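Across the two complexes that follow, chain A remains constant while its partner is chain B and subsequently chain C.
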Partner chain A sequence: MTGKAMPTLTIDGKSISVKPGSTVIQAADRLGIFIPRFCYHPALSVVGSCRMCMVEIERLPKLQTACTTPAVDGMVVHTGTDKVRDARRSILEFLLINHPIDCPVCDKAGECFLQDYYMEYGLYTSRYLEERWNKRKVFVLGPTIVMDEERCVLCSRCVRFFDEVSGVKRLGIFERSAESYLSTYPGEVLNDPYCGNVVDLCPVGALTDRDFRFEQRVWMLKHGDAVCPFCARGCNITVDYNEKSGIQINDRRVYRFRPRYNPEVNGYWMCDTGRYGCRTVDSPERITEPLMREGKRIIPVVWETMIKKTALRIREVIDQDGPECIGLIVYPSVTCETAGAAKRLFVEHLGVRNVSTGFPVDPSAYEDDILIRKDRFPNRRGLEEAGLSGGRDAEWILGAWGKGELKLLYVIGDDLPRLLNKQKPSPIFEAEGVLILQKSTAGPEDEFARMILPSVMSLEEDGTFINFEGKAQQFKAVVSPFGESLGSGDILARLARALGLDTETA
Partner chain B sequence: MEYKLTEKEIDSIFARYPDKKAALLPILRVIQTKAGYISPEAEKYAAELIVVQPARVHEVVTFYSWFREKPEGKNLILVCESISCSLLGSEEILGHLKKTLGIDVGETTPDKLFTLGTVECLAHCDASPSVMINDEILAPATIEAIERVIEEKRRNTG
Partner chain C sequence: MEKILTKNFDKPGSHTLKVYEEGGGYEALRKVLALWTPEQVAAEVKKSNLRGRGGAGFPTGLKWGFVPKDSPKEKYLCVNADEGEPGTFKDRMILERDPHMLLEGAILASYAIGAGKAYIYIRGEFALGGERMETAVSEAYARNYLGPNILGSGFCLDVTVHYGAGAYICGEETALLESIEGKKGWPRIRPPFPAVAGLFRRPTVINNVETLANVPHIINQGAEWFASLGTEKSGGTKLFCISGRVNRPGLYELPLGTPLRRMIEEEAGGVIGGKRIKGVIPGGASCPVLTEKEIDVPMDFDSLARAGSMLGSGAVIVLDEETSMVETLLNLERFFARESCGQCTPCREGTRWFVQVLTRIAKGKGTDGDPDLLLDIADHMAGRTVCPLGDAAAGPVKSFVTKYIQEFLPIS
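Up next, the complex of A and B:
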């Protein structure tokens, strides 16, 4: 140990001072010099087992693994010499001895370390004439994950993820040397609220996601930054989508959510509920166009008619019964901006007092000290700060609505927990009055609705969520709105204009 | 087959290590010696003793050739297959064993006397080829020496 002083070392001619105890690979990462690796991951313990990160260090006779070598003052490191490139090629040659090289049918192709490194350092003609060993090809580890033992490079990233991050040892590497294989304990099914992370972690195509498997070649995908809307943590995510998938109403399709590194919110991870919440985006339940009830039927109308009729209804109730006969429920699924717009329109301009921000957090819901929060909505804090909550609770509003005391009930946002089918449906909104729903996805309450105004989901609009710790996270629209749906704020602004109000300057 | 350790055995093993987890190998040795193999129940039992997940124990059990996962012959013959032993004739020895015992690697003779296995290294490279019979090392091993041991085992354990 070099005491408290920051050791300064030179890597490929660039010098850097690092915290005592840092390793060469950490210093290189900070310099933006990428040293190839399989087993090393910044959030997992260091095992130094894959030998891919070999570098040359002056005055040391042999190559060293950058992940296990402490950065020492005055150290001079070279990461691209012939000797280093040679070592990497040799490691690859060993790793590929029994590898099936089935990239054409492998989901990981295009984002596989082994493939990338081979193109960079391998490119040799195979000297291996013996027969390759065969192992299990399509081995279902659990409800979300499939294992291909032949592709595994035994880096143990997935093993360490469960040991160290999710906290329960769910995977092990059994047998020895060439016979080694990765598996759950014999007979055990891989089940964990954070399973999906090991697919991201796996540097090769050994662990694949049953949800994403064979859906898209990764190079067809575009990527956008978003915030997960499925609980109060607000994990930062990358959305992988294809703008021209050739399917779905508007051709664009969201295929995958992956965690995006943010040390202050979610680190490198996300939970499976959030990850597979991805399916809600292009779900067949999404509402594609404005809908209005005519007798027993609900029929599509154009936005202009929708807005005009909705405004008319609201005006009627205000004039005949007064604003105390209007109820407003805003789910904490909406952005701060939408909450603000709803407050300006309904509370400030129309004088509506019966306002609620949905149902209280279910105390029996699952929560842990890793990421997952009991509150399955992303923006309860944001609604509080917008001054929307503190009015009525939703039970009270639904009570008054059921008794016919409210003539019009306007509901903004989606009941996200129900969308994910994780919790029981919200109380049904059956009553005589005018029920207006502004939301993205169909639900059992629709059958009582007079009007349904399709609004976007959070990754289709710009906005801000405030997470349970009070951290405000802004995001931009990643994909275009589904069908004819509009931004929630946009709908409210159009309504305000139709009502003859100028809410922008409120 | 009884595999559980006595209180005394457990205490004396734990007393030797600062951390319970370190006691895994000695515990497995006792189980292997008592029961002749380490069953899934025994793995779970060992896992409970040192407070780890059974998968951890299974990793260790499957790593070492000496730990067996199912009941086998009374005598375990392990032939080293690594480079120096191969160069000095371990393949012939293995071939001879297969022939005289009439079994393949991983199999047990019908009279349940012998199980044949291979290992990577017995740490006797200087006296290659090496063979391990139960807990004794034969190095350098010759076909004649092995024949003698087999005969003796037949007489004593038959």
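Up next, the complex of A and C:
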């Protein structure tokens, strides 16, 4: 062997050639043969400490850990022999010695490696006659993370995450022997922008998310693929939701965003801003029905009326003052499809020229070289490519709006950074003209609005975002629209019809 | 028998450079630096059949040969002076009584492997040994046995004395490397092996104190002479630390292959009060115990392996007929449970479980199933841990419980 050749090995009768330097577990993963593991994670350094991934390799007398054993040409590996199953059983027995077996109240139950492996390889009668060791429970490590020391298997995944991925050493395993325990370094708090990932990484219920704690049994959850809308990275996520939670409007509730592996975008991770952005989906501030101002009051109306009245106001302004008196702001929170529909309707058919895609990226915003981008909108590139951004800047439009030069201002999409940071004031203020908002969530500018058309959030519709690197990511609706809200494109199509236009053939 | 390693031990001031030089000290170094290539030194050591004295008995010349010759990276020598195996006190005596012998060996080894930097990792509790080692290093620098261009040869070597902080596990070679690097003493997974990626991920050789102390003698008197002192496969003499229920406990330098019974009866003066021997731990706490019937074994690496035990560090612990094997094993396992680094599952959990079961048995609350349970835990630890501590803890359990099973069963 030259050392550069691809070694070919056989695992459970299946052959595979792998890159030199690959390990047995990597080869097995590629073959779709799952070898149980706790400490091994493809994105973290290999420590080989849990000893769960032991396999039998022909011509080697001892079992070997698959995560540390380099794949060698001609190697023959068995992952399901009695000896291997017995080794897995014994590792589980060791790990469960002081485990509280509190699955009924553990958030991890249902997605816990320890539980799953026990059902597969354990199922023994406990031989442990000694008293169990009570350790720290509900130990708060930071604003979002709680630790249960009794459930910890000391796999060090979380430790390595901070050391190697988020880059700041926060956690360590202290003491030695069976007295080893996981904790933050003295004075450290888990508050960096990626903390939530350690909850996903934790193979057991040791680290739980205070946001999700006791909220829902995971087997009640359904899962959908989505793209995170909270910055220009466009992390791929899994949305965990329940269609029949019994506690929300529409009876559905989104509980959790988790990162979904995509090597080209976000790897295995996502940031906490995106993760806890899931709270915005079923926020009590979501707008559930079309709203129209009548004098000082704002009252709900049916969609038919809403669309008719909105079209009427637009037509009035066009006829009386001309399209130069209409302003359009499309936030880069909308999909490429909505941007296209907005362009066809307002620019191409109605001749509106005062178009802006919101405010420029805040240069003082936080950004790092892991995931988080300064641009907190998901689709600025998409709007640019849709040709929406060549018009005015938002500053100019709001200036004209304030001076009364614009008779009607139509705003599409949500000011997402403001949604996440409520302290941030809305840039839209009271003026003479007609303010029409098409968005998902209530905000301070609503009191100036003549009409509010509730639109869905991105995970309630099909669409495409183009991230800052120019990568177009399509997604499907994961959950049903909130309340009576409609897809943004749908609203614009209805408006077009009410205006007597056929935007399909622009 | 001719004493080699301990020949200067009783001379007044044996730890000083003056006394060491008067006895021919650093002549091996002078000879090598003037006349020998590094390869010749390595070849001579290989030919001498010197095997590692830290416990595993790995051939030293072979170990040196694993260091990649053509690597452009800096290479290191680490001297393992973290002697912590219960019952062992031989390296300590070398540090205290003849530190220059060790230092000369370390310089020769560094020359052989091409290391420009050596670390002497001393157990933190060895106050006197550490002090004398540091003095020896300063003396050697003053005489240009260390530093730049040693004795005009062009060879440069710096030596740093580094102290451990009390963990037994740091005597495990990769934990030792982590500790020198300033990290927690957690053994590393292998591969990569230290010879390829050791200290600071550079090629590194880690040798025990006693191993290196032999090297100047091999250079001075030749590989054949050294090989002739031992058995067929392992050359030289061995320092044995005899302790337990014997009349004259202490450090004995004897040829490898000396029968264990003769060692106890003739060298150590037999068992106190003429009591019968119940068992002997032949090589330190981690070595399986031998029964009285098994102690005619010659004390060398291969014979003890055949007898199902290990020569280990040469710490002979003699247990007499009044010794409780349950209490003894409990004592050993308490040590391993406390010293387990806690990194890997079987060792971390298994050692504590041993202690719990043995404590129960010692209190008279054992069950019929306990011996089998102990053996089963041991089976699931041995060979399945990151480092040899799991084996070290499992070995005594297997041997004690099998050989003295009556003591581990409840009295019926």
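Couple of notes before you dig in:
The criterion applied here is as follows: the second predicted complex is superposed on the first by the 500 of 506 C-alpha atoms of A that agree within 3 Å, B and C clash if a C-alpha of one lies under 4 Å from a C-alpha of the other, contacts with A are read in each partner's own complex, and residues count from 1 in each chain.
Note that a contact is a pair of C-beta atoms (placed from the backbone, for glycine too) under 8 Å apart; a residue touches a chain by one contact, two chains touch by 3 or more.
Bear in mind the structure is a predicted one, so any value in this text is a computation, not a measurement.
On the superposed chain A, the positions of chain B and chain C overlap enough to count as a clash. With both structures placed on the common chain, the touch criterion links A:Arg176 to chain B and to chain C.
Contacts of A:Val165 after superposition: neither chain B nor chain C is touched. Touch criterion not met for A:Val18: it reaches neither chain B nor chain C. Residue contacts after overlaying the shared chain place A:Glu130 against chain C, while chain B stays out of touching range. Once chain A of one complex is fitted onto chain A of the other, the partner contacts of A:Met54 are limited to chain C, with no touch recorded for chain B.
Of the two partner chains, neither chain B nor chain C is touched by A:Cys271. By the touch criterion defined above, A:Ala442 lies against neither chain B nor chain C after alignment on the C-alpha atoms of chain A.
Put simply, more of the residues of chain A are touched by C, taking chain B and chain C as the two choices. Within the three-chain overlay, chain B meets chain C in a clash at only one of the listed stretches 77-85, 95-103 or 149-157, and that stretch is 77-85. Residues 172-173, 175-177 of chain A lie at the contact with chain B in one complex and at the contact with chain C in the other. Put simply, chain C touches chain A in their complex at residues 167, 169, 184, 189-191, 337-346, 348-353, 356-357, 360, 367, 369, 373, 380, 383-386.
Taken in their complex, chain A has these residues touching chain C: 46-52, 54, 62-63, 65, 68, 70, 86-87, 90-91, 93-95, 97, 127-130, 153-154, 172-173, 175-180. Chain B makes touch with chain A in their complex at residues 40, 52-56, 58-59, 62-65, 120. On the chain A side of its complex with chain B, the touching residues are 168-177, 184-186, 188.
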